[in-house]
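Got a structure for you, written out below as structure tokens; questions coming shortly.
Chain naming follows the written order as A, B, C and D, and within any one chain the residues start at number 1.
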Amino acid sequence: MKRPDWWRSDATAPFRLGPRMLPGRVWTASGCFGYGLAAHDFTAADCASPYAGLGAVVTKTVTPLPREGNPMPRLVETPCGALNSIGLENVGFDAFLTTVLPELEARGVPTIVSLAATTPEDFGPMVRRLHDAASGFRHWHGVELNLSCPNVAEGGHDFGSSPATVARCVAAARADLPDRALLAKLTPNTADIAQLAVAARDAGVDAVSAINTVVGLDVDLRTGQPYLPRRFGGYSGAAILPIALAKVDQIVRGTGVPVVGVGGIATVEDALKFFALGAVAVQVGTAQMRDPFAAARVAAALGQWSSS
Amino acid sequence: MKRPDWWRSDATAPFRLGPRMLPGRVWTASGCFGYGLAAHDFTAADCASPYAGLGAVVTKTVTPLPREGNPMPRLVETPCGALNSIGLENVGFDAFLTTVLPELEARGVPTIVSLAATTPEDFGPMVRRLHDAASGFRHWHGVELNLSCPNVAEGGHDFGSSPATVARCVAAARADLPDRALLAKLTPNTADIAQLAVAARDAGVDAVSAINTVVGLDVDLRTGQPYLPRRFGGYSGAAILPIALAKVDQIVRGTGVPVVGVGGIATVEDALKFFALGAVAVQVGTAQMRDPFAAARVAAALGQWSSS
Amino acid sequence: MTGRPAAVAAFGKVIANELVSSAFHRLDVVLDVPFAFLPGQFVMINEPGPRAWTFSRPFSILAGDGDTVALLYRVVGRGTAALAALGPGSPVSVLGPLGEPFPAPAEGQVTVLLGGGVGLPPVFAWWRRWGQPGDAACFGARHAGEVPWGLLGDTWRVSVDDPAGLAAGHRAASGVVTSLVADDAELPDGPRVVTLACGPWPLLRAAAALARRRGWRCWVSLEEHMGCGYGVCKGCVVRVADGGHERNATCCQDGPVFDAERLPGLVGSDLPTCGDGPTGAKGGCA
Amino acid sequence: MTGRPAAVAAFGKVIANELVSSAFHRLDVVLDVPFAFLPGQFVMINEPGPRAWTFSRPFSILAGDGDTVALLYRVVGRGTAALAALGPGSPVSVLGPLGEPFPAPAEGQVTVLLGGGVGLPPVFAWWRRWGQPGDAACFGARHAGEVPWGLLGDTWRVSVDDPAGLAAGHRAASGVVTSLVADDAELPDGPRVVTLACGPWPLLRAAAALARRRGWRCWVSLEEHMGCGYGVCKGCVVRVADGGHERNATCCQDGPVFDAERLPGLVGSDLPTCGDGPTGAKGGCA
């Protein structure tokens, strides 16, 4: 597409987010690009690398202990999106810290670590250990608190939809994260996302990420039962883009809290819609699963305008 | 498609809804088929009439006074759905009662009247006048209280997302509607739709309709501004089907309140998903705008199985 | 409203879908049912099945005969791009004819037809059905390449904004389409002359202004973003004068053809200006 | 994992897309980049642009050469139906090669290839790359019409569930595909024989049981519903034995080829039964 007249920024230039300079405004979203390592040798004729121009890879959410996740099947495609019920399968914080994060650093992948926990107070120790182990890392830029994954019973629904809990999580993490960006990822499954954003800001985040997946369900017509063993899944992809835009607008105009826009972004046009509403950065989720170069392509398209 | 093994009902047979027998379980949704009169002379090679087999036409929502609605543009198409910001343009209750409803009766269109008001107490007088004027009508089957339209400032958001307000609206209407079905249409823009359903049931509805549109926004890339003058619109169409299914499941399994399923239904497959979850009836909305025969085609497909 | 043919929800197959000028495609479809229409009416068209757009797209009817219908369109967005990609045999769904047509000619009427760009179909269809030797059929385009010469034949007067590139054997005045008749002395002043116009907003304003100046009657065909096309969604309203006040009318059901005098947005201000028209205005010329 | 060719995210154009039997389509695509793969690997395929499915679809690689890739598929749902509708010249996006291949043959190895239905591609590709005269290449289908005779040529042994309709000149045993080798005395017992199997779950269980009985090694290619195909979403996990316990492995990155002995779901129970396999199992035969 052509550069829109109103577009003045350079999304591939470094920008400040709280205490930290990040290398760009186009990121990959948590859970849709693994730990950011699986595609390191992928090539494409039209794009230098899956990491070219990225501001950050937000890692799959890491929990204190390893998790095996939910029973299969975990994914259902719908006509304009998908439902997932992965259940936060991850290697656990220890393995992440000793194995994954050093490799990301070694490969120079700009990284935001996504964390989830069962109680707000669990965030403190994780962030402290991160800080201790990785304070010298140049490519570790921050932490995103996943306060919104609807697939995990103990940390699900109510966890992230109470402003007070959001505040406690943020406060616990902020205390030990003086020099990296701190983000809270908010749930859209609430009537008032703006008040969650305010709670997060007041407790010390540098930005909020919005949105995580929307609660959805699909029925297998052969059985008349939901496809997913846990009935509900997290709805993502193109279908939720207008919902994400609405939530981002509610936060930006309602509160002024800096927002990283997530939800349904696959193309530069999609990303621009979030920037138009005032998002400071964007994340590409589901589209990154289809195309490991999706975020890099968005960054390339935006970057090309800055030089023209 | 083939009849699924688990499907045992006849969606085109009369069924009881509260005090009333309705002629079928496939309805058109409010606002997407006008007052049910615009298509009376339409024909199609493969479908007898837009009204064939329909259980009800739910009328465009009628308010105490006529409304001109919101500024144009009022519609935005998205890749898998649409945003609307019609703003409840309607002829007003008086004109509806004297002109529209008698014509529906004369044409034999099974009718559910959708009503909205600014205060819960406004519903009582409207229902009373309906009852007085149309008690002899054979094709007027009930009232659906629109407690959820996000496009109207004074009756918007908070109106329908408070269980107490829902209960007051229902109680006000129920008092004067002894012999017709009473439904409350619920908003999906809340964290807990089940508690709204419970409030509606306890105050006397025969069923709830779920869902109304989801709050959404789209940006015009030429200007960088939202397409709709009021920024937000109601998101509908295929994209919201998984959201509607999730909300219906939450109500049916969480509360047992009878549900009329609405949201994204275009085909018999879509409708079956709601029936699979236990919906007592379904409504076809946005798809009815593209094809005036959409609901009739769904009914025909379901009806054909009942005789086989 | 009375006497309008009833709409059919038809399935069709593309017979032909080709460029008839540098910018205008002509789509010919054969339907599974008989089809009759009045000039000025339109159809809603879509791809059937899972590839359907949420909303069908409105297009004025260029021609229709028995069980065929022809449209003339310009690619402006994803719906028209998808339309342009349909090859012969592709299935389409068609709802129509819809809307209020241009009025049929009265006894002794002299008609001035003004079509701009893809605003040609309704006036073209009128001309084919009811045109008479004394009438003036006028078409305006941005440049010579846009003009569907084969369709227009000899009887149409043509104007182009930019006369560069006019091929030998083609005649076109330079300027807006109204200039073709503005000072035409063979056209009498007064209400015996009826102007029927369709095209971008500036054309409609110019047509209305010209009609006022010369005492002609003037009907215009409007565009608005449409959801349903048959009056049920209220997504396409335009403001019309009704007695002393203004009210909403649907472009799809009360229009798209309106008496210019009833459109405050059209005749309210003196000078035709761009961009303050309905949300959609037929891309074209003039 | 080492030595796998790196994946490319390529754009391709359909060269040919035709039925090669009553139920199996062969798709040939030319890519915009060079393409190399190991037998048993797969690609994720999609339509590019606005018509893309949210998730690409996984298909084993039947053949690939220079800048072309060939697949063999059966239409089972909307994605494969869309695939079958692509004519020559249609654009496709291809990500691959992906996943763990079948192992290359060791010195002195005798290989038993077992392909059921659209489980043919990985074993077919292996056979083309590394097959030797002493190996046994076996294909099973539901009925004779399904068999892609032209592809298989003379060297493949064929079995069909239902031998009705077998044309003259075609030979096929009746029964499950494992019966083609179960009691083949020319195949020695013991680990010199390696079985490579791909097909529906019952075939894989039968293959694993046979291999156990005769002391053969056995590798199977699994199917699971996939989101990404390259290990990032954890949407495709299968349970594998790891030392004394079980853990999740990704079908797309740790597999799709697994040592049968490491799959508790496959070898855990004595009798092959249907329906308790992975959520997707290659429709086919046997």
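In this section, a residue touches a chain if its C-beta (ideal position, glycine included) is under 8 Å from a C-beta of that chain, and two chains touch if they have at least 3 such contacts.
Being a predicted model, the structure only gives us computed values, none of them experimental.
Give me the chains shared as neighbours by chain A and chain B.
none
Treat touching chains as neighbours: how many steps, at the fewest, connect chain B to chain D?
2
Would you kindly say which chain has the C-alpha centre located farthest from the C-alpha centre of chain D?
Most remote chain from chain D, centroid-wise, comes out as C.
With chain centres taken as the means of their Cα atoms, state the distance from chain B to chain C in Å.
35
If you average the Cα atoms of chain C and of chain D to get two centres, how far apart are those centres in Å?
Distance between chain centres, rounded to whole Å: 57 Å.
Distance between chain A and chain C based on Cα centroids, please, to the nearest Å.
48
Which chain B residues reach two or more other chains?
78-81, 238
Residue numbers in chain D touching 2 or more other chains?
Residues 50.
Quick check on the complex: what are the chain A residues that touch chain B?
Touching chain B from chain A are residues 1, 4-7, 78-81, 83, 157, 161, 189-191, 214-219, 221-226, 231-232, 235, 238-243, 245-246, 249, 269, 272-273, 276-277.
Within the complex, which stretch of chain B touches chain C?
My answer: residues 31-34, 38-39, 41-47, 60, 68-69, 72-75, 77-78, 80-82, 84, 86, 89, 237-238, 286, 288-293.
Where on chain D does chain A make contact in their complex?
6-11, 32-33, 44, 46, 52-56, 93, 95, 224-228, 230-238, 247-248, 253, 278-279
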